[in-house]
Structure formats: structure tokens, C-alpha cells
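Chain nomenclature is as follows: A, B, C and D, assigned in order of appearance, with residue numbering initiated at 1 for each chain independently.
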Amino acid sequence: MVSFSFDFMGYPLLLGQVDGLSMPFVVAFSVIIVPALWYSFAYHRHRNQSIVSVLFFLCSLGTVTAGDLLSFLVFWEGMMILSAILIAVDTGRRDLRIGYRYLVVHVIAGASLFLGVIIQVSSTNSLDLAGLVPAALPFLILAGVIKAALIPFHFWVPDAYGQISPGIAVILTAFTTKVGVYAIARFFPSLSGLALLGATVAVFAVVMALGQRHLRRVLSYHLIGQIGYMVAGIGALSDIGVAAASLHMFSGVMYKGLLFMVAGSVLYQMKTDDVGHMGGLIRKMPLTFVAALVGAASISGLPPFNGYISKTALKIALQGDPVISLLLTVAAVLTAMSFAKLLWDIFLREKPQCEGGEARESPAVLLIPMLVLAGICLGTGIHYPLLTDALVEISIPPIYSVGSLWESLYPVLLGVVLVPITAIKLRHLARRGLHDLDFVFPRLIEGFTQVGRVTRNTLEGHLQTQLLIVTAFLVFLIWMWP
Amino acid sequence: MIRKSVALVILAILGLLVMGGLAELPLPAERMSESVTSRHILSEGVSDTGAVNLVTAVLFDYRGFDTLGEATVIFAAAAGVVLLFFRHDLPTSRLGLSSLAKRSIMVLAPFVFVTGLYIVMFGHVTPGGGFQGGVVWATLTILLCIVYGTAFEWRFINTRTKTLLESLGAIAFILLGLVGIYRGDFFLSNIAAGFRAGVPGELTSGGAIPLLNLAIGLKVAAGLALIFYNMVKKDVG
Amino acid sequence: MSHLPVMIIIWPLIFAFLTPLVDMVSLRYRKHVVITFVVGQLVLVGLLIFGDSGGTTYYPLGGWAPEIGIVMVVDGLSRIFIMLIAVGTSLAMLYSLADIPDKESKYYVLFGILIAGMFGLVLTGDLFNLYVFIELTSLASFPLVAIQREGPAVRAGLRYMIFTVLSSLMVLLSIILVYGALGTLNMEEIGRQLVSIPHELRVLILALWIVGLGLKVAVIPLHSWLPPAHAEAKSPVSALLSGVLIKTGLYMIIRLPLLMSQGKDEMMIQFILINIAAVTIIGGHLLALGQRDVKRVLACSSIAHMGYIVLGLGIGSLLGLVGTLFHALNHMAMKSGAFFSLGQMVKDHYDFDSVQGKGRGAPWMAAVFLICCISLIGLPPLGGFASKWILGMAAVEAGQPIYAGVIALGTFLSGLYYANIFRILLNPDVSVESVKTRWLSAGVVGVTGFLCVVGFFAATWITDLIKIVAIGIL
Amino acid sequence: MWGEIVDFAYWVVVGLFLIGFFGVLTDTNLIKIAIGLNIMEASLLLLLVRLAFSPGDSPPIVSEGILNYADPVPQALTLTAIVIGASTTALLLSFIIKTYKYYGSVDLKEIRRMER
């Protein structure tokens, strides 16, 4: 890989450094960008957005291939700005506050990363990515966790991705959170508790997803859930765990891209993304249904799709820990349940009063990238050495065995069976208890503005009050001088 | 009421603290005997500059740059006042005071002018100088304003003339300073740049100091007159 | 002997004195006169900065020895500030050509005087001369603030003026006490002898000096004149005041610990400065967060940025000083750029309701505004990031990582309010008509945007230069 | 706390300074604030002149037979400061005039009320 060095204030900046950890990310990003751009271009027909998207993609590549902390920070912030611009421009006509809130969260992450990097660099006087000092760790963790949208910092994902147009979402979802995962894997691979955190996030997010009505919000929560899987893999603290996480990252990028494209197509035809208003689309959009089926099967970990490969690898990596295995199994059941219900609601059930009267199959420009991604999901699932050899250097035990086939099948079966029974209850549970978490965050930002207003009122007082303060300050200074 | 008492308390403390600081100042005589600056100026001042009035010597020679600065401050203040009262450039009153006052001011005016001239030109010999004389000149225009009405004063020396005088005075000061550079010495050099020191105590002594005084006098007079005129003229929108 | 130090001050004065005379002839020559002046100034400054080896040069005015007369000192620190002032004022001057009507003759007079005052301020080596130049800059800037001549502008100018007069009085008292104690006005001599002043008197002098200049620099709690003054002025004036003028107060504060104290006092001054700075950063950003007017937001952000700048000074290390000077240069570029480009997008009313969507009327100006604001937030790859990086490093290196945390918190808070401004300026729901930009002002805006970018990519080179200066100072 | 001598002039200086300052801090009339600032400045000038002078000194105009002159430097500084102060006052007053023309009052409280 091309590498490039640049001197900044006495520190060498290394760009384009690819090692075993960044390789899967580079490959995944490079593979997804083509169909994603194609899709978003077809969806929007807006040149400027594509330019920003390409820049965003380049920044993401730069982040995962940065050879030092400073250039990592630079690209990280670059991603943040570009994605915020993408979201702001996209959501402008409806609600400008979405882009605002997105930027704010990521500025927090950026400031935290900045602080961590500064502490790290000034205590070791080098920009190396390895050998982090304990003082810098909390800030880097905070940055990584926000970017990767782990609970309790997940709120920006449904807030932003739940409302932007799918053309942009396809691009953003592929990169932003994955870079957060990369940061976690890069900076603190040996942090204890990551596996448990990841598994909990997976379960929690899927439960939240079950409580949603809106297609894009459902997918947003599933996105968080998949990140949970990856983090759990990293938390296995073994080479095979990281390798499995990388594999899962690749699979996740592919099938999440596919699912968001499906959501986009459905949204495009239906003009709404409320699942409750849909139904019977299988006859109108058969090819989209096929793509959705592939995506759903893949995310549920059904053979022979790529989700099966990576989830099985994860299970192998996490064999030793019964709690986490159990949590992941629960998550798998719930995922299958959620997608079975989603497919049923959107495509299969007959709903005479549904609004998609004039819905028809998506045009070819939208279909081709979807089918390409579906092909990738299937192809890398069947011929998995293609993936494992290219992405990870560690040999993974044979994946297509009877045991693992059964292990991946029964949660899905269980989930599908359980759909009609528990979906309603879970939905209530999620809506009542957990839903509110998402709405704390906009209030929080309003709260900051309130603090500012109070400060203004105190500090911008009347002329003579201020003069009095000046005098008091002078007296204080003379008085207190030792 | 609360503000007043708080201010009173704070200021009382401030006063005590300042007083405590002031009490530690050395006696002026002690300081002067140690200060290189004061001793040099007192002993060598006359031979250095040719001016008998050492305050003027300090003002226009040793610290001539300060004087350029303060002249510019007046210039800036005049410009600022003009800027603030822009667009109201009209004479207001044509009436003025009684004819008795008018007559007597006409008798007085030449004397006031000459007094100003004297203060300006003999600044290096007796107490006085460009600033003081310039203020006297400015008083003259102010008197004319009051007694004859602003319209008369406006016709007599209008704003353009004042601006012209002010700028010319300022530029003259700078040119006099540049003579030093031209003669191979430093900016604002006086005797060293070839101005004649003359016999201390005479009008032609002091090198460039009388000329600088004149420039400053013109500038101050015009500047203050401008400020006054701009403040009194009527606001017509 | 080169006469450049004094020529740099005389040149704008000549411009100021000649402008009324030229205007009596015709107003048509304005553009030529101004451009001649700017070019001449840049040439003079260039000669001064790059023309010699870079050591300390003295210029005795009138040929008198430093002890007796007034001396001008050109050293590394004054060179940096001369560069800052020259670039900032030249840009603002050129920008004014498009923004200020030709008939405002006195505007250019005051502008010239202001420039001369600032140059004098950073060049003089005499304490009372410093006071004269402080007054000169202040007096020239008051009417510039009130150039719109309407109620709020006049009130802002009045408020600015009362605070500044008070600060001048404090500085004057401090100078009088120094003279009363030491009998000399030469700054280097004072620096040497200051320790010999009795303790209580010295504390009084230093405290008056810090508060007097703190009022100029507008650190919290001495800031409250700044937001109205900088917000009510016209764009070039705002840029000049925020970008250049308040930095001259900083110059004097830098001179203060360097020349006026030793030992225990220095520790105390650093302690004061660093804590004031921390309060200023957070308070300034919170103030900006509460504003409902774009220009006021920018003005309040100036307060916060002066906090960053003072912070480096308070850290007291070499790296801190480098960060301070570098951030001062960067802030000049980015804040001027922000005011300039904002002035091109919006002409008169700057409150949030009136500027909705205005950025779309002039997309290129909006782009530069975006660049400047991102630099102000401190995000890479722009100049603001580079200097914040140095400041943060300095804080951690000096064993005070809490102040690096303050910087990061400041980044977060500024992200909040700039994001808000962007979303207002780019609001697509309001229809706007496109704004025509004259090539001169567009060029000026472009230059500031370019400077923001240069601040990052040439950071190595710039900081190396500044480091030489900083080593010379410490 | 204070040394052996505390000059009477110093009391006057501090007194005037505080009187002026008190006016600035408490009086809502803008003209009076300007007057307060002027009083403060006058007190400083007084201090400056006091520093130039010891009992028995003559004015620094050189003539035969006088040995002790007052220090000329502070006097020159005083002149400069007076001019600067006068210019500042002129500008301050024009600001106040301008404020009066706009708001019809020079009272801070009333101006504030009008702003609302």
C-alpha cells in the first residue's frame, strides 16, 4: 500500500499505513463505496452530495490507514465535518436540528479524542498508535465509544440515520460507526469488559429495534446491535476474536448497506417509512424482496450468507464465556424475530388499506447496487475462504459443520416461531421503558443553550455593575497578592 | 443603595491599598538625585537643546516623539468628533450677542491672537508652548462663535480651512522630524541635525523647537476649533 | 543605521494627515491613496522583518541615549506583532474600500492613526510613550466603533470608551508610580530595577498593570465592553478590533512578565493569568452560546480566544509562549476572515432571524466563513487546530492537564454555537437572492481563508520561526 | 503599614481619585460619569506634579543663581497627559451628545428603559 509521510511541527505524519488490523476496513470500505455511491447518486442526482460523499470516503480510508495519532485525529475530524455537512444539507428541508445534534455529539467525541491524543503525545513524545498511557485512555475510550455508538452513547444513530434520506444513510452507515470500531480495536484491544459490553449492546439494541415502527429507526438500532457483536469479538481478547470481529465488520457493512438500500427503495415507493402502513409489497417489488430476504438472512446469521460466516467465527472466538454466548444467542433470536416481522409486515401480509397503491419495482439503477451487494453477501458466504484469506491472517476453524449449522439455525427458527407471540409485548416494553433515552439527548443540547443564556445574562450586566466588578477584581488582586 | 454601599466599601479598601503603595514612594529629591534622566536634563538641558525652559526642552526635544503622539491624539479626537457629527455641516445661528459685545470682541481679538502667538513662539524661553498658545487661538474662534453666531465664524474660517491648517500643522511637524533623517541623524533630532542652538534665552534659540511649537500651535488651534464647532452646530438630520 | 522602525510609524501618520487634503481635491483618489498606502506599509514592514539578521535593534529618537530620550526597540516579539498588525490592518483597509462609502473621509484618517498607534505600541521602548500610543489607539478606535452613528452603535462606543478610559487611568497610575519609584521610563531599565521597588508598591503597580491591560484584552471579568463594541461596528472595523487591536494589549501583557518581574511575582502573575484564562475560555464560549446575533457570537468568541492566548502565557513554558503567539496570528486570520465573509453575506442586520439562509446567497463567501469558523472551533486541518494543539501540549507538558481539558471543553462549546450558526446561515427553507461581491473584498476574504489553511500546513515552518523568537524572550 | 511620611498631597490625590471613582461607579448620569473620570485623571496629574517637586525647588526655567530646580520630566509628562485627557473628554462628550440626540436623555437608567 502506498504510504506517505509529512512533517508537522517535528512529528512525522504517516499516511496510508496498512497493517493486519486496518486491512479488512480498507477492503470493506473500498468494496462498499462503489454500490453505495451508485445508489446514492441514482437516488439523489445531486452532484455536490456525491463529491462530499467521496471526500468522506477518502477521510474514512485515511482514518483507518493513519500511521500516527495526529493524522488519525485529522481524518477523524474531517469525517465528522463532512458527514455533518452531508446530514445538514440532506435534512435541511425538514429539520435542521438533526445535523446540528449530530455535529454536536461528534464534536464531543472529537474534543475527547483531541484531549486524549494530546495527553498521550506529551507524555510519550511520540505519535505512535501503540503504547497508550493510562491517562489518555479514558478520553480515547469515550471518543471511540461515541463514534461506535455503543450504549449509552447510541442515541445519535437513530436520531440522525433514522431521519436522513437513505441515499445518504447508505454512505454514512458504512463508515462512521466502523471507524469507531476500528478505534476501539486499535487503541484498547485488551480492555476488560468489552465483550460483555458488546453483548449487552447487541441485546439491548435489538430490543429497542423491536419497539420501533419506522423502518429506518429499526435499521439504525440493528446497526448498533451489529456494532455490539463486533465489540464483543474484539473483547474476546484473542487474535481469532479480532479476526472474527473484522469478518463481522465486513459482513455488516455489506448487509447493512443492502438493508438500507432496501429501506430506501421501499421509502421511495411508499413515501413513508412507517411499517404499520405497509404490506403486500412482494407482488409489486419482487426483486427488492429478494434483496431484503438476502439481507435479513445475512443479518440473522443464516447459512450460506456471509453473516453466518462471521457470526460463527465470533461464536468460536467467544466459546469460553457462557454468559456472553447466551447473550449473543438471545440477540440472534431477537434479530431473527425482528426481521421476520419486518419482512412479514412490509412484503408478505395482505393489507387492503395500505397506501402503496402505485408502488412498483425500483428502477434498475437502484436495483443493480442492491443485487450486487446481495451477490457479495451470498458469494462471500459460500466461498468464505475468499474472505478469511484476504482479510485476516489467522486460520479459522472449519465453519460449515453440522454443529455450527444447527447453532445458527435454531435461534432463527425460534425467533420466527416466536414472532406472533411476543412481538407485541416486547414492543410495549421497549416503548415504555427505553424509548425515552433517545429523547434525553436533544433536551441535553437545549440545556447547554440555556446555560449559555444564563451566562449571558450574568456576564453582560449593566455598565456600572460591570465597572464595580472591575474595581472589585482590582482590589481582590492587590489584596490577595502574597 | 446597595450598589452605593458596596462601591463605598470597595473604594475604601482600594484607597487604603493605594495609600499603602504611595507611602512607599521615595522622596522626590532622593529619586531625582539617583535618576540619570533628571540629572542629565537639569545639568545639560540648556546646552543640549538651547532652550531655557526645560519643560519645553523635554517636551519637544528629549521626548519629542511623545509630543507627536499627543498632537496626533488631538487630531484623532477632532477627526472622531467630525466623524460622529457627520452630515450636520451647517451654520446655525446668525444672531450672536449685542453690538456692544461684538464691538468689544473686535477690539480684543487682535490682542488675543497676539497673546497666543507670543505663547507659542516663546515657548522655549518662558512657560508656554504650542499647546497652550494653540488653545488661546482656539478660544478666539470660540469667542467669535459665541459673540457673532456660528454662521459668522463659519464664513470667517470655514471647516475646510481649519482642516487644512490642522493637516498642514501635523505634516509640518513630521517634516521637521524628517529633517533629522535627511541630515543623517535621527528622527526628530534637533541640534544634532544642524538646527542652530542660538543664544539661550532668545527667540531664535532652541533649534527647531520654535518651529515645532508653531506647527503644534496651528494644529491644536484648528483641532480644538473643529471639535467645538462640530459640537455646537445644529443637528439637522 | 536604518530608519525603518520610525518610518513604519510615520507612514500611516502621513497617510492620515494627507487624507483630508487629498479629499479636499477630490474623493475619487481614495482607492489609489489607500492602495498606495497599503503597499508601502507592506514593503516597509517586509523590509523591517526580513531585512536584517533578526537581532535586537535600538532606534534612539532625536539621537538621545535610551536613558534620557525615547528609544524604539525592534526585537523578535515586536517583529511578530508588527507582522500581525501589518497583515491584519492591510486586509481590513482593502476590505474597507468596498464596504465604507467614499465620503467617510475621517474613517480613513482614524484608521491610519490607529495603525500608527499600534505600530508605535509594539515598537516603543519607553513606558510613557507606550501610554501615549495606548491612548492613540483607543481614541482612534472609539469613533470607528460608532461609525454607524445610530443609537446602539453610539451606546456601544460609549460603553467601550468608559471602560477604556478607566483602563487607561489604571495604566497611567501604574506608570506614574513606576516613575515615582525609579525615576526612569526606559522599559528595559525598569525591568532590571523593578525588584528594588518595595513590596506593596510593586504589587500595586503590577496589579494596576494587569487589570488595566486586562481590560484592553477583555479577559473575563473585564470583558463586558467587548461584545457590543465589536458587534455594532462595521465588518472591517470588527475584524480590525477583534483580529488585531486586542492583541496589542496582549503584547503589553507579554512584555509585563518579561520586563517587569522576577521570582515570586512571576509565579504569581502566571498563576493569575492561567486561571483568568481558564475562566475566560469557558465563560467566553458560554457567553457566545447565549447570544442571538451572529456578530455578537463572533465577538464573544474573541473573548474566549483571548483566553486561549493568555492561557499559553500563563503556562509560562517555551511551548506555551509559542502557542500563544501562533494562536494570536491564527486568530487574526480566522476572526478577520469570519467577519469579512459575514460582512459580504449579510449587509446590515445580524440577528439570527434576519440572517436565515443568507449564506446561500453568496456560496463562496459562506464557504470561507465555514473554513474560518471550523478553524475557530479548532478542527483540523486548519490553523486554529495547530495552535490549539500546541497550547494543549504545553498545558500537559507543564503538568497541568486540566487546562488541556479546558481547551477541549472550549472546542466542544464552540462546536455547539458554530454549528448553530451554520444551520441558520445555510437554512434552505428561506429564499434568498444572490449577493454580488466586489473583486477586492472577495480577494481579501480569499486571502484570509488561505491564511487559515496555511496555519496548518505551514505550521512547522511558522512555529520554528516563532520558537526562535520565544527562546529569545525567555 | 505606611512609611514615615505620608504626604498631605498623597491624601488629596487618593481622595480625589476615590471621589471620581465613586461618581463613575454610582451616578447614572453620563455627564457626571465623564466628570468623575476627569476628576480621577486630575488626581493622577496632581500626583505626577507632586512627584516632580520638593520644597524649595524653582520651576525648571534655567536662570542665573538658582540651584534647585523641579524635575522637568514629570511636568512634561503632565502636559502630555493633560492634552490626552482633554481630547478624551472631548470625544466622550461628543459620544454623550450623540447619545442624547438619539435617546433624549443622558441618564443610564432611562436609556436602559428605552432600549426595552
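Annotations
By definition in this document, a residue touches a chain if its C-beta (ideal position, glycine included) is under 8 Å from a C-beta of that chain, and two chains touch if they have at least 3 such contacts.
Only a predicted model underlies this, so the values are computations on that prediction, with no experimental measurement involved.
Of all chains displayed, C has the C-alpha centre closest to the centre of the whole protein C-alpha set. Remark: among chain pairs C-D and B-C, B-C carries the greater number of C-beta contacts. The distance from the centre of chain C to the centre of chain D, with each centre set as the mean of the Cα atoms, comes to 29 Å. Put simply, the C-alpha centre of chain B and that of chain C have 30 angstrom between them. As a whole-number value, the distance joining the C-alpha centres of chain A and chain D reads 67 Å.
Centroid to centroid, with C-alpha atoms defining each point, chain B and chain D lie 17 Å apart.
Listed for chain C are residues 128, 132, 135, 139, 142-143, 146, 149, 154, 162, 166, 173, 180, 185, 200, 203-204, each touching two or more other chains.
For chain B, the set of residues touching two or more other chains reads 3, 7, 11, 14, 17-18, 20, 22, 24-25, 28, 31-32, 35, 37-38, 41, 62-63, 66, 69-70, 73, 76-77, 80-81, 84.
Touching of two or more other chains is recorded for residues 1, 21, 24-26, 47, 51, 73, 77, 80, 84, 87-88, 91, 95, 98 of chain D. Taken as a contact graph, with one node per protein chain and an edge wherever two chains touch, the assembly is complete, since every chain touches every other chain.
For chain D in complex with chain C, the residues that touch the partner chain are 1, 24, 30, 33, 37, 40-41, 44, 47-48, 51, 73-74, 77, 80-81, 84, 87-88, 91-92, 95-96, 98-99, 102-103, 111.
For chain A in complex with chain B, the touching residues are 464-465, 468, 471-472, 474-475, 478-479. Within the complex formed with chain A, the residues of chain D that make contact are 21, 24-26, 28, 108, 112. Interface of chain C with chain B (complex): residues 1, 3, 6, 10, 13-14, 16-18, 20-21, 24, 59-64, 67-70, 104, 106-107, 109-110, 113, 116-117, 120, 124, 128-129, 132-133, 135-136, 139-140, 142-143, 146-147, 149, 154, 173, 177, 180-185, 197-198, 200-201, 203-205.
Put simply, chain C touches chain D in their complex at residues 128, 132, 135, 139, 142-143, 146, 149-151, 154-155, 157-158, 161-162, 165-166, 168-169, 172-173, 176, 179-180, 185, 200.
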